[in-house]
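The letters A, B, C, D, E and F name the chains in turn, as written, and every chain counts its residues from 1.
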Amino acid sequence: MNHFIIAPVLLPAIIGGLIILWMRHDLLLQRVFSTVGSVLLLGAALYLAFHASTGEVFVYRLGNWPAPFGIVLMLDRLAGMMLVLTAFLGLVVQLYAIGSGWDRKGWHFHALWQFQMMGVMGAFLTGDAFNLFVFFEVLLIASYGLMIHGGGPLRLRAGVQYVVINLIGSTLFLAALGTLYAVTGTLNMADMAIKVAALPLSDTAVLRTGAVLLMLVFAIKAALVPLHFWLPSTYANAPGPVAALFAIMSKVGVYSIIRFYTLVFPGDSAVETLVSDMLLPAALITLIVGQVGVLGGRHLGRVAAMSAIASIGTLVIAVSMFTPESISAALYYTIHSTLTGAALFLIADMIAARRGGDLWLTLRPKIQNSGLIAAMFFAAAIAAAGLPPMSGFIGKLLVLDATRLDPWWVGIWATILITSLFAIVGFGRAGSTLFWLPFQLQRIEQQAAAEGRPAPQSPIPPKLEPDEHIQDIGDAVSPTLTFAATGTLLAGLVALTVFAGPALRMTDSIADQLFSPHPYVESVLVNQEGARP
Amino acid sequence: MIAYALTFAFACFGIALLFNLYRVVIAPGVPDRILALDTMTINMIAMLTLFGLREGTEMYFEASLLFAMVGFVSTVAYAKFILRGDIIE
Amino acid sequence: MSPALIAALPFLGALLPGLLIRSGRNVAAISCGTMTLLALIGLCLHIPAVMDGQVITSSFTWLPRIGLDASFRIDGLSLLFGILILGIGLLIILYARYYLSKGDPVGQFYTYLMLFQGAMMGIVLSDNVLFLLVFWELTSLSSFLLIGYWKHLPEGRQGARMALTVTGMGGLAMIAGMMILGNIAGSYNIGDILQAKEAIQASPLYVPALLLILLGAFTKSAQFPFHFWLPQAMAAPTPVSAYLHSATMVKAGLFLMARLWPVLSGTPEWFYIVATTGLFTMLLGAVIALFKDDLKAILAFSTVSQLGMVTMLLGLGTEAGVIAAVFHIINHATFKAALFMTAGIVDHEAGTRSMKLLGGLRKLMPITFIIGTIAALSMAGVFPLNGFISKEMMLDDAIHTSWAGHPQLFGIIAAIAATFSVAYSLRFISGTFLGPVRDDYPHHPHDPGLGLLFSPGLLVVLVVLIGLMPMTMAGWLVTASANAVTGAATEPDLALWHGVNAPLLISGAALVIGALMVAFHRPLQRIWDALPRPEAKTIFDAVIRRAVRWAQAVNDGLHDGRLARGAGMMAATIVLAGTFAWITGRAGPETRAMLPISPVAAIGFVLLIVATACMVVFHRNRLLALVLIGIVGLIVSCAFVYLSAPDLALTQISVEVVTVMLMLLALNFLPKVTWVETGGLRRGADALIATMVGLAFGGLAYAIMRRDFAFDTISQYHIANSYKQGGGDNIVNVTLVDFRGYDTFGEITVLGIAALVIYAMTETLLIGKSARKLANWRHDQKRAGDRHPLMLVVATRLILPISLTVGLFIFMRGHNQPGGGFVAGLIVAISLLMQYMASGFAWAQERQRVPFHAMIGAGVIVAAATGMGAWFFGVPFLTSAYGYFKLPFLEEFELATAMAFDLGVFLCVVGAVMLALNSLSRIARRTGESTNRPATNQAPPAVPKEAH
Amino acid sequence: MDLFFEILVSALLVIGGFFGLVGSYGLVKLPDPMTRLHGPTKSATLGVGGVLLASMIYFAWFGAAPSLHELLITLFILLTAPVTGLMIAKANIHLQWTRDELPPTGTGTNWATLSDRPSLMDDGADLRLVDEGD
Amino acid sequence: MSRLFPHPILSALLVVTWLLLVNDFRWGSLVFGMILGLVIPLFIKPYWPYRSTLKSLPKYASYMLLVFWDIIVANIQVARIVLFKPNSQLKPAWIVIPLDIRTPEAITVLAGTITLTPGTVSCDLSECGHALLVHCLHAPDPAAVVADIKTRYESRLKEIFA
Amino acid sequence: MEALVAIAIGAMSASGIYLVLRLRTFPVVIGMTMMSYAINLFLVATGRLAINKPPILQNHGAPDFSAYTDPLPQALTLTAIVISFGMTAVVVLLSLGAYIEGGDDYIDMPESDRREDGNAE
């Protein structure tokens, strides 16, 4: 164990560094190194998660400085789960990116990918509030690069907006951290928890302000309404695999909310239920806005993006209860929505690659591999809409179950269920337009051909001229690999459904650990053998 | 005596800075603004030095030195921009 | 056979057609049929036990924490529905084999069909309401696929979506209802729920739960006002219609009402909601069916009506009602499946289903005629067919029911509905088969082969046999299932003949009047057509269309791509939430005295405020805005010096100059002016938000500055140990490279990545469309001569070594004095940039031997390697060490690993800054600007001799 | 002796402050961009120079150890001020002056700022200048 | 030797710079400064390809003193003009100084001197580098200024730069 | 003094936000720069103000905590400055790229991001 905790951060950092140092001009080498790196990363994540699953909390004191004076890395069950989820998603989506040829649409794809992994992993592992900021920035800057990978006017414009909004978010993050430091005098999360608990009543205003500002930072990352405006254009315009990877990015925000508001600012601290009181209505509105977006979608990318927003809404509803059951449900839903969101974006990318980069939900000729892609879309849409037999249904049941004791339960249930209908109708329309409508065109053409008439012009001529920033099926290195990668995500969803029991046992144990933070604090601050004086 | 001289110098450079700012904002052309900014940097160095003198510390020497360097570079960059549009060509 | 396996077999069957997709229709049909048959046999093996009153259960834990288990049960009700689903399923599989053409994707069809069958079996075999919900929704999904099977038909797609929407909606409501039910009962297990009647009916949540569950049941069973989806679903291939709408999908709702009958029924709410809805639906469906010309539409509305009848019977809450309901479920399944198949045969053979184009097929298709007629007569409730018996039972129940004090109302409406049933049934026969043979059928109709005739034929035989020997044929099943529903142990008396009683008279009258109505159909149709009536489908379509439009409007309006919208909302939210958090907390007195304002500070403050204000006022002049940014940066740097933060001052000022250079490089392309494009109102609103932010942020800062820390800050440790443990006097630097070196590691990575991103984007801009745009770029600015002024070149060449020395000094001294790797890196980068500016890109680039990429990579790796070096001493990443060394004749000097780390920082900074600016300037060179190197072939300016 | 240095330092401070102010005042007062250029490039150099000199002497005499590093800043400013002036002057010429308004070079060639030929320092011109010799 | 010390004067300058930066004489600093004086010129050699050398260091030092004195005088003169001469009485003028010196370094030093001294700013060079454009703040007699510059500075520089 | 710093922070952040709410990329970027100045000053302020107490040890130890301002916020600010520099560099180039590719320097997404003519089902 010992030094192994830092492996998920250093491994991608070094691989990324090596790629830019020696392999800048050799894509094949980059692919090999990057893939091997991702496999190793997954291995490391599994190893760490396995160790964390015993319930022990592992602390790594960087620079051997005693906490709270230096920075510590923290590995508990929650971190372990997030590491595995990230590494799994990273590997699978990376294979998709290779298979689809996206990684050769521009420079430095693999290096940025590795750094992206580094940032996310670092964020999950850190036990220091400011260090969380730093790794947020690492993951953000890498995400900027990935988001605009391949270029193109819309993508770049959306990229500008994405960056600007996140710059505001980063500014806010600093303001929140400054405020919290000003009142607690510490940056270590465990230490901050102790200080918050012991805070004299006269200082609560500053503390509460800091806590709420911090929550808003995470809410921006998680794209909670009304802080979500950056998401639709960003996700819809990002390259498919990148948008798929972004499925984990919004979870970083949710993770941070869970981490901070169970450990540092629990409901019995001076912050009281302020944060959960703000989160719940926001989450409900987020869910509505997201599902309305799915219902009114004109573009598959945006439908998927709005669905991602909706999933955040559901997730945060559960989080905002801040009970062990609800956090457990939220964690289950996190896994589900990460895989689902990623799958949706990969499928959208497969469609785009066969439609000349066009994802408008309008009549287009039938695409290649229509049946298989349709089946995948159907599965992913079912998962996203929360219908059985996919895990979305179980996730929804868990969230409903976790909220049944809340005074607002009627409103929560009604929102969740009614907006599910929006999703059903929206995805139904999308699927029907994408996969069924072309048959009508095909039939008309076939009939015309049979009768010797010239085929009628399709209502809108297909755009099949590949532009450099558009992914085309002709650019794919291995379409099979793209199907395999997407299928793996869907298989993950199936597994999450079938093994919902064990999965929930895991998330239950995570939640239990989160709600008894004493051992965590103790392992950070008390057991400091070996650290410098 | 030094204290009075210091105060005088502070006042002079303070007013000078205000003149500079005026010229940055109200100017018929960009070169004037750049000139004013450059002068401002120089005056700032003087202020920093005076401050160090008053506080009896030389901790701020590096800052002054860097101000001098940076003021030069940015002035050249602005001028080059006006002259050529492209500052690195 | 285990109930779980019975439920699983159809799903296994669903895999087969996919696997055997190339083998054709026979293989698919046989494999699916085999699976269905196996399941049916497996189910039938349980008949004896069920008849004994046993309930066979098996259970697998799935999600024990919330009580979702994969539990199965077989009781009489499950048995009844299971036999219908599998038995009719088997016939449909056979029928479909001959119905579908070669061109249809048969594999898909059978897969969907088996999925659907499995889902239905799941519903009826579930012993856990949450588990039941899984299958419930699965039927919606698989029926969506089945209805939309003919993708090229708009009606198919619309019908599929409509069915999905309506039944999906019901399913969602049912989730809530079931969860409430389970919460009241304390278990989701059906066996447990069925025991909790008192608790459930006493609960204040009984009515909501009832409504929600009924919403699910009614939508699925196409009860008014959710009846409209069913006729639209007729766009599906006929085998699908026959299956979904006779025996399965629509019966799921009935099944559910029967399943929960013991705990939900018996209350006035139940009676008034269920029975009334059923009665009205029965009437409505029957009336509409009479005026449809499409055979399948007639059957569809008749299904609506018949389902209404069963619903009504269940709604009565009486044992007799249940028995009649259960019996009619069987009867309806037999004759309706046969009728759909008949309609399918007619469609298949004659090429149309419209009665306007049909008639006279009696002679051309005699066998079909017989089958169809018997089935239709059963539907009409004609003696001695099975439909007759259950209809009599229904009428008997209805006339004995009093509705809200009206003893006759129920019976009368039921009788009217029965009359219309007779009418549409007879019209089905006459319009299709009777009358003169026509010569304008689209195809040449004749009886099909046995493949198509077998299934309906068999069903018609059952229709007759059940009618003649109800107890023998169906009594046992009705008994078992009715007892399973009611929990009683009675033996129902099913008989063809009960003597001349009121129901019989009503039936007789209905037959006569019905026949008359068919005879006078034309005038009736004219009246019907003239009647203003809401068309449910139109309404639904309009609702959906409006909903979608509304959603689009909301979505477009909300996510209109305006950054200011998002940023403004964000700012306002932050301020409001932060202020709220502040005012709900407590802020103690200001404990720190204010520091006096020195004149220096005052001057700096005035400068800053004026510059900031000017920035807002004059920002449209972009170059001026940059100059102002320079001023603000300068003053902020000075403020850092003033506020005892020399390191910050150094960093801020050097970062600022590089930023300005970057922006100048970009401004070379961008417009030089920002035009006024926003109205006064908008600017006012923006100013308001900005003011709010300023006040809040400044206020927060003020509040913090005036208060002391509540606790000792951790930085006291840093002050105490900076030299002792970190070996440096500059606490900030020691913090950066040692106490919090890991942050710095992340930070240089950020910088390196930023440069990579910039480089990658530049590369992308230099290819394709954008490259063509750049090649034809016309700069809007007049250019002066003399790119590389001589004095500048000479001066920068002299400055370079000096500033490198300064950079080195700052680097070396950083551990103890202001400075460090970062500032040093910037100084070196700036001095290199000076060369680029003065002597030109190509000239400077030629002299640049280390690639910037490599510097970044090396920087990150040096920093990481320094950190990992600690591992060899068994201490964590980034654990530093330092020592003092002495060389002969010289003073003691210090070496620290932190310096190596700082070197990584230095390399990364130089590499990143240079790579970023380089990339930007490469864009400029792509716009056709020549460089000074390739220009060497140009002749130097001639020097006229006379000048000397 | 202390008094002497006190007077010296004070005088330098007053001189520095005075010239600093005059230079910046010139920037405001003088009539056109070219004349305004004269103010700061000269007066400001002596202004900041005086202050730096004062600081140097102050710390050398009154401080713990002799300190000369202000000299470095002074030299740096003296080195760069002419270049700054030149660049701004060129900018002014570029924006506001034409060939006809400027005096002829007397060499038959154009002023560099208004020229459209490659720069003197491009294509190895420095080498050429060396070859021409003095 | 010249390969090792491409710019001996520069090396010396760097040693001085280093000592000034350290601001505290120690032998270790001197040694380190000398190392820098050795290494940095090697490093920047490609950036300074055509060195021209100073012929006479003492002459250069005396030139520096002269310029230093002129700067003080100039400041007083300019201050008087700025403070007391109304703008209407100002006689700004362009003057052209034909150059005899050729090396870039010499031209630069001359131009720098002109800018730093009384009421004059070097503004531009001719394309060929043989004439210097100077702007005078107040020059009732431009020819005199030209002559003054040529004799007072350029002639000295010609002797200093090889 | 505290009041002045607070007003300065407020003024810079207000002008920053105002500029961020403009329609073109350039003022937005400038606004972000203003915001980052404000936040840097704020971070320093969270360590409370101190004049001429730079966190540089005078005689290696025997620390007198009151002789030095809080070094930690300064270290954090340094990191923040560096990071925001990287971010600014990216956004500057990104807005340039968007301008070159898109033909205008509006920051809002064009209509073509949201709409296309045609009939969905």
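One rule holds for everything that comes next: a residue touches a chain if its C-beta (ideal position, glycine included) is under 8 Å from a C-beta of that chain, and two chains touch if they have at least 3 such contacts.
Please read all numbers here as calculations on a predicted model, not as lab measurements.
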Between C-E and B-D, the pair with more C-beta contacts: B-D
Longest centre-to-centre distance from chain E, chain (CA-based): C
Chain nearest the overall C-alpha centroid of the shown protein atoms: A
Distance between the centres, which are taken as Cα means, of chain E and chain B, whole angstrom: 22
Centre-of-Cα separation between chain F and chain C, whole angstrom: 36
Computed distance of Cα centres, chain C from chain A, in Å: 15
Inter-centroid spacing, chain D versus chain C (mean Cα positions, whole Å): 67
Residue numbers of chain E (touch at least two other chains): 17, 21, 23, 98, 104, 111-112, 122, 124-125, 127-130
For chain C, residues that touch 2 or more chains besides their own: 157, 161, 556, 559, 561, 563, 567, 571, 626, 642, 646, 667, 697, 700, 704, 709, 713-715, 718, 739-740, 743, 747, 750, 753-754, 757, 761, 764-765, 769-770, 784-787, 789-793, 795, 798-799, 802, 806, 817-818, 839-840, 920, 941, 943, 947
Sequence positions of chain F contacting 2 or more other chains: 20, 25, 28, 42, 45-47, 52, 54, 56, 72, 79, 83, 86-88, 90, 94-95, 97, 101, 107, 109-110, 113-115, 121
For the chain D and chain C complex, residues of the former touching the latter: 76, 79-80, 82-83, 86-87, 90-91, 93-94, 106-110, 112-126, 128, 132
For the chain B and chain C complex, residues of the former touching the latter: 7, 10-11, 14, 17-18, 21, 24-25, 30, 33-34, 37, 40-41, 44, 47-48, 50-51, 59-60, 62-63, 65-67, 69-70, 72-74, 76-78, 80-89
Touching residues (chain side chain B, partner chain D) in the complex: 1-2, 4-6, 8-13, 15-17, 19-20, 22-23, 28-32, 34-36, 38-39, 42-43, 45-46, 49-50, 52-53, 56, 58, 61, 64-65, 68-69, 72, 75-76, 79-80, 82-83
Touching residues on chain D, where the partner in the complex is chain B: 6-7, 9-11, 13-14, 16-18, 20-21, 23-25, 27-28, 33, 36-37, 39-40, 44-45, 47-48, 51-52, 54-55, 58-59, 63, 67, 69-70, 72-73, 76-77, 80, 83-84, 87-88, 90-92, 94-96, 113
Residues on chain E engaged by chain D in the complex (per definition of touch): 17, 20-21, 23-24, 49-50, 52, 71-72, 74-75, 78-79, 82-83, 87, 90, 92, 94-96, 98, 100-104, 106, 111-116, 119, 121-131, 133, 135, 137, 158, 161
